[in-house]
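For reference, the structures are reproduced in the following blocks.
In what follows, chain A forms one complex with chain B and a second complex with chain C.
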Partner chain A sequence: MSLVSVQGLSVTFASDKGPVAAVRNVSFDLNPGEILGIVGESGSGKSVTCRALLGLLPRRATVGGRILYDGRDLAGAAAIQAVRGREISMIFQNPASHLDPLMTIGDHVAEPLRFHFGLSAAEARAEALKLLESVRIRDAAARMDAWPHQLSGGMKQRVLIASALACKPRLLLADEPTTALDVTVQAGILQLLRDLNRESGLTMALVSHDLGVIAEICDRVIVMRGGEVIEAGLVRDVVTNPQHEYTRLLIGAQPGRLPQMAEPQEAPAGLFELKDVAVHFPTRSGGMVRAVDGVNLSIHKGECFGIVGESGSGKSTVARTIVRLITPTGGRVMFEGKSVGDLAGADLTAYRRAVQMVFQSPFDSLNPRMTAQQTIAEPIWRHGLASKSAAMARALQLMDMVELPRSFATRRPRALSGGQCQRVGIARALALSPRLLIADEVTSALDVTVQAQILRLLTRLRKERDLTVIYISHDLTVVRKFCDRVAVFQGGRLVETGATADLFASPSTGYTRDLIAAAPDMDQAMAERA
Partner chain B sequence: MNSITFIGRRLLQIVPVLIGISLVSFFLIMMIPGDPVRIVLGPRATEAAVAAMRQEWGLDRPIWAQYLSYVGNTLTGDLGQSLKFRVPVLDLVLQYLPRTMFLVAYVLVLSLPATILMAVIAARNEGRWPDQLIRVISILGMTIPVFWLGVLFARYFGVKLGWFPVSGYGEGFVDHLHHLFLPAVSTSLWLAPLLTRNLRAALIEQTEADYVAASRAKGLPEGYIFRRHILRNSVLPTLNLLGVMIAFLIGGSVVVEIVYAVPGLGALMVGSVLGRDYFVIQGLTLVYAIATVAITLAIDIFTAAIDPRTSE
Partner chain C sequence: MTDVVSPAPVHPAAPRFRHGTIEAALGAALLLAWLIAAFGAGVFAPYDPNALDLVAMLTPPDAAHWFGTDHLGRDVLSRVIYGARIDIWMGFAGVIAPLAVGVTVGLIAGYFGGLTDTILMRIVDITVAFPFFILVIAIVGVLGPGLVNYIIALALVAWVAYARLVRAEVLVVKRLEYVQAARALGFSDPVIILRHVLPNVLGSITIYAWTDAVMVILAGASLGFLGLGAQPPTAEWGVMIADGQPYVLQAWWICLFPGIAMVTLSLGFILVSDGLSRRLRVSA
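What follows is the complex of A and B.
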């Protein structure tokens, strides 16, 4: 018999514009001991489905249909409360915000033990220590009294897992548990979840936007879109033989399946030269953070240069140093033989035009009060390159260039999707006809299908406009497809650099090897499991 | 960093503030139009008498020397003499200060429980009638002027019903409570709503926090989640507002002290300003400034005790 049976689940949110259906007639079963993947893009209803199982939806949500747990109907607050923590537990996407900042990690884990099992404070503490050790927190005894902010993201997620598993639930719901983490950390958490499943028969539902992650650890998968289940089956069957058109689209948009967009140059000419660049920040306690240290790089004219690294590796600091948002504390950035740090007046203005940047968060990098057209036009007339009306006309041409329909010209960011906002950001950066475009994690906040479109767009623009692109990303699979040459950063230092194909084929450092191995890739995961 | 080094560092940060305060209060007296000696001796004193007094008071010495002796005197508790009462300023301050402190403490004892109760009820019933009712009461409380409420209370509860004395401070603890009841209530009636609105907003915000969903997923009871997680995370902003308000109350008790004839610091300040009792004004300025610094420090330490992130 299945552990959980969801029958005709529907969730509707009340809004100012009337009810909005987030989940429609969703049915699936969870068998004891399996890991079920729930995959879908933003707005597909995958998280809402997951939260509905534990009654964690906001008050304005109306839930219809039936959820049976072990044959019992989870209808009403009391029935749900009875299974929360003891039978079904949940972990979440952003571990930092899901831990109370004013509670030690030991107490976080001990808390449910005291309530559900009536343990004394000392007993719960002893048990909590065992749990923290079981999720492989190093030096757990010493960390019992640490506060959440003193732990890294991966450690926080482990604490969250320990506290969710404290009362030995039979089902764990995992809502994008590794999305906010670095790839090597993600690999560790996925390994932990897989081991928990194998060793103690923990049943799991893993919600993710990433088919690579799903393919690594799930047995079965359901594919959701627009609040409905459009396909379900064994992961292998779905990946190798998708039935639904959208599933095919989703699989085709996986970074590993993208066409090779890189085109290494025959005779490269230098454009940028970073010479022993260092950026150090003083800390409050009198120490020094070496955000970037001793970096030597050269970037060629017309190439796509990838910079990869995990959080804190200094990759964004390098980008900001190149655009001169940060002044390096050591070394020099050379642009066509001139030192960028020495530029002033008209030369500096010209440099700022030549080097443009596109940012990670598509919404936050646009002024919410300006329309798409105004946003794109602003740099043109601010730089005095055209009158305001001429700039507005030019903005429409730029919208054509980034494949944004002209009918969106008067829309503000709130009325645009993430991918559309990012197109506006790209058009704004292109408005000044730059020589170099720095794309800082421009697709990491987007769905994979949108990511594929944006990457195609950037490739086309590169060719048409003879652009040099610096593509900063944590996603090695994307970089492999998109960049001609790549530099790997770790802890503020350049670990290695080389032509993309060579570097991926034979990485010369252990760190790069780990990074490549940890990057989730759907096809590779399927091959390994076969 | 541990809490002792945090407190130590925080104390060190106060030193420059205190130097600033001493400079301001020193130069305050220099800004008074006219010669202080002339003011004391009157317009008909002889030049010789004025010169003698200048020398006696040290006003002929360079300004930095005067400042140094002012700081030295202040540190040894000598704030000068009151021109009106002919007693040391410090004695006056120490005589009046406890009354104001008693009043402030009284206000807090009345306001804080009411604040927490009202904010919790309002937040847990967001948008429903108890929330609306508390909102209306709060707006009334904040908009009615204290002096008007004071006069009204004094006439009705004091004169007509005769339940409470309408002036003075009384003798002994119970008598103080009795005498200061109306002033404390009238002050609480605007303080509590102010804090309530602040705390209610924080509570509602924290109720939506992710860690609340995580706690629910663990099956913890709602009441416990509210007390242990939501409330604790919500008090921090209100605590900071409270610090500002206490400092304001110490200096701002003037109105209520005058209306109810409570002989506190506010009443002393008004009397000194009207009577041009400069050294008392100077002494009180110093006391107010130091009180503000001390309260800010206390709130910071208190915040650090609740929130481990602040002491890093």
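What follows is the complex of A and C.
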């Protein structure tokens, strides 16, 4: 018999514009001991479905259908409260915001034990220590009295898992548990979840936008889109033989399945030279953060240069230094024989036109008060390249170039999707006809299918406009497909650099090897599990 | 959905209006009524607000004088209507002057940061350290009584609240990527501040300003009461209450009606502020 049976679940949210159906007639079963993956893109209803199981929806949600847990109907607050925490528990995407900063790690894990089982403080503490050890927190005894801010993101997620497992639940719901984490940390958490499942037969539902993650640890998968389940089955069957057209699209958009877009050059000519660049920030306590230290790089004309690294590796700082949003505290950035730091007046303006940047967050990178057309036109007339009306006309051409329908010209960012916002951002960056385009994590906030479109667009623009591109990403699989050469950063330092194919085939440092191994890739995961 | 019966919806039907619409509309209606009264004072007021009629002094409300007359026989209704001109003007001018100063300072301090920020914010701290009303009274005392000097005093004292609010918002907005993008595009600082930062920090300022107007009107009336604001015989509500105070036991109407006027005008401002903040919070 299945542990959980969801029958005809529907969730509707009241809004100013009338009811919005977030989940429609969703039915699935969770068998004891399995890991079920729920995959879908933003707005597919996967998180809402997961939260509905624990009654964690906001008050304006109306829930229909039935949820049976172990044969019992979870209708009404009392029935849900009876299983919440004890039988079913949940972990979330952002571990930092789910830990109380004023409670120690030990207290976090001990609290559910005291609340649900009425253990004494000493008993709960002893039990908490065992739990922290079981989620592989090293030196758990010493960490019991640590505060959440003293732990890394991966450690916080482990603490959250430990407190979710405190009451020995039979079902663990994991809502994007590794999305906010670096790939190497993500690999560790996924390994932990898999071990918990194998060792104690813990049933899990793993919600993720990433088929690579699902493929690593799930037995079965359901694919959601627009609030409905469009396909369900064993992961192997769904990946190798998808039935629904959208599933095929989703699988085809996986970074590992993208076509090779890189074209290494024959005779490279230098464009940029970073010489011993360092960016140090003073901290409040009088120390020094070495965000970037001793970086030497050269970037060739017309190439696509990838910069990869985990959070805090200094990759974005390097980008901002090249654009001269940040002044390096040491070393020089050389562009066509001139030091960028010394540019002023007309030279600086010319440099600003030559080097442009596209940012990570689709919504934050556009002024919310300006329409798409105004945003794209502004740099043209502000730089005196055309009159305001001519610039507005040129903006429409740029919209064509980034494949954004002209009918979107008068829309503000709030009325655009993430991918459309990024297209506006790209058009704005291209408005001044730059020679170098820096793309800083431009697709990391986007769905994979949209990511594939944006990557294709950038590849086309690169060729058409003879652009040099610096592509910054945490996603090695994308970089492998998209970039000619790669530099790997760690802790503010350049670890290694080389032609993409060579670097991936034979990484020369242990760190690069770890990064490559940790990058989730659907096909690789399937091959390894076979 | 087919045969599955859902539990009764816990949530009542969606509201017919967006959050805050009703408050904002009520407040706007109140303000509009007062604006009409103020602009049409010549039409609506039955008497000259300053015409003395010593025969009819301290007349209780009756058909000839709906709100009665004061100790000099002036018609209270006419004085309340004409008083709206002064008090509404005071409300707007008394907000705009400190707002202009405070927003400018806040933008500069927040955007440029560093030493500029430190110096400007220490000036704010010093100003805040003095009791607000005492400082206003002191400045008006030095400049001489009168409404214009009251507004000047407000500009010198009340700007600090706006400066702090704007600076805090600027610190958030300037880290956003569209401001970074504007810098990367080579736009000048004034362009970035005025076109990309200012419009995106105005929301909370606007809400605060509507509430601030109430404070300005009440403080202005208090100053009028103390003889430091509008000067007699000007028909200003605070002055009228001060005038009526010696007679409050025999002739309650002299103080009551300007008091009610002040409450309704303030309510209008508060409702608009409340409605706007709810609407902005929902749609933000």
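Quick note on the criterion: the second predicted complex is superposed on the first by the 530 of 530 C-alpha atoms of A that agree within 3 Å, B and C clash if a C-alpha of one lies under 4 Å from a C-alpha of the other, contacts with A are read in each partner's own complex, and residues count from 1 in each chain.
Throughout what follows, a residue touches a chain if its C-beta (ideal position, glycine included) is under 8 Å from a C-beta of that chain, and two chains touch if they have at least 3 such contacts.
In this text, all values refer to a predicted model and were calculated from it rather than measured experimentally.
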item	value
Which of chain B and chain C A:Gly76 touches, first, second, both or neither	second
Partner chain(s) touched by A:Pro282 [first = chain B, second = chain C, both, neither]	neither
Touching partner for A:Arg369 - first (chain B), second (chain C), both, neither	second
Partner chain(s) touched by A:Gly252 [first = chain B, second = chain C, both, neither]	neither
Touching partner for A:Gly294 - first (chain B), second (chain C), both, neither	neither
Partner, of chain C and chain B, that touches more residues belonging to chain A	C
First (chain B), second (chain C), both or neither touched by A:Pro405	neither
Contacts of A:Met103 with chain B and chain C, given as first, second, both or neither	first
Contacts of A:Gln356 with chain B and chain C, given as first, second, both or neither	second
Complex contacts: residues of chain C adjacent to chain A	1-2, 4, 6-7, 9-11, 13-15, 18-19, 176-178, 180-187, 191, 195-196, 199-200, 282
Footprint of chain A on chain B - complex, ascending	1, 209-211, 213-221, 224, 228-229, 232-233, 306-309, 312
Residues of chain A touching chain C in the complex	7-8, 10, 14-16, 18-19, 24-25, 59-66, 75-76, 320, 323, 325, 348-349, 352-353, 355-357, 359-361, 364-369, 378-379, 382-383, 425, 428-429, 432
Chain B-touching residues of chain A, taken from the complex the two chains share	51, 54-56, 81, 83-86, 89-90, 92, 94, 97-103, 111-112, 115-116, 147, 149, 160, 163-164, 166-167, 173, 285
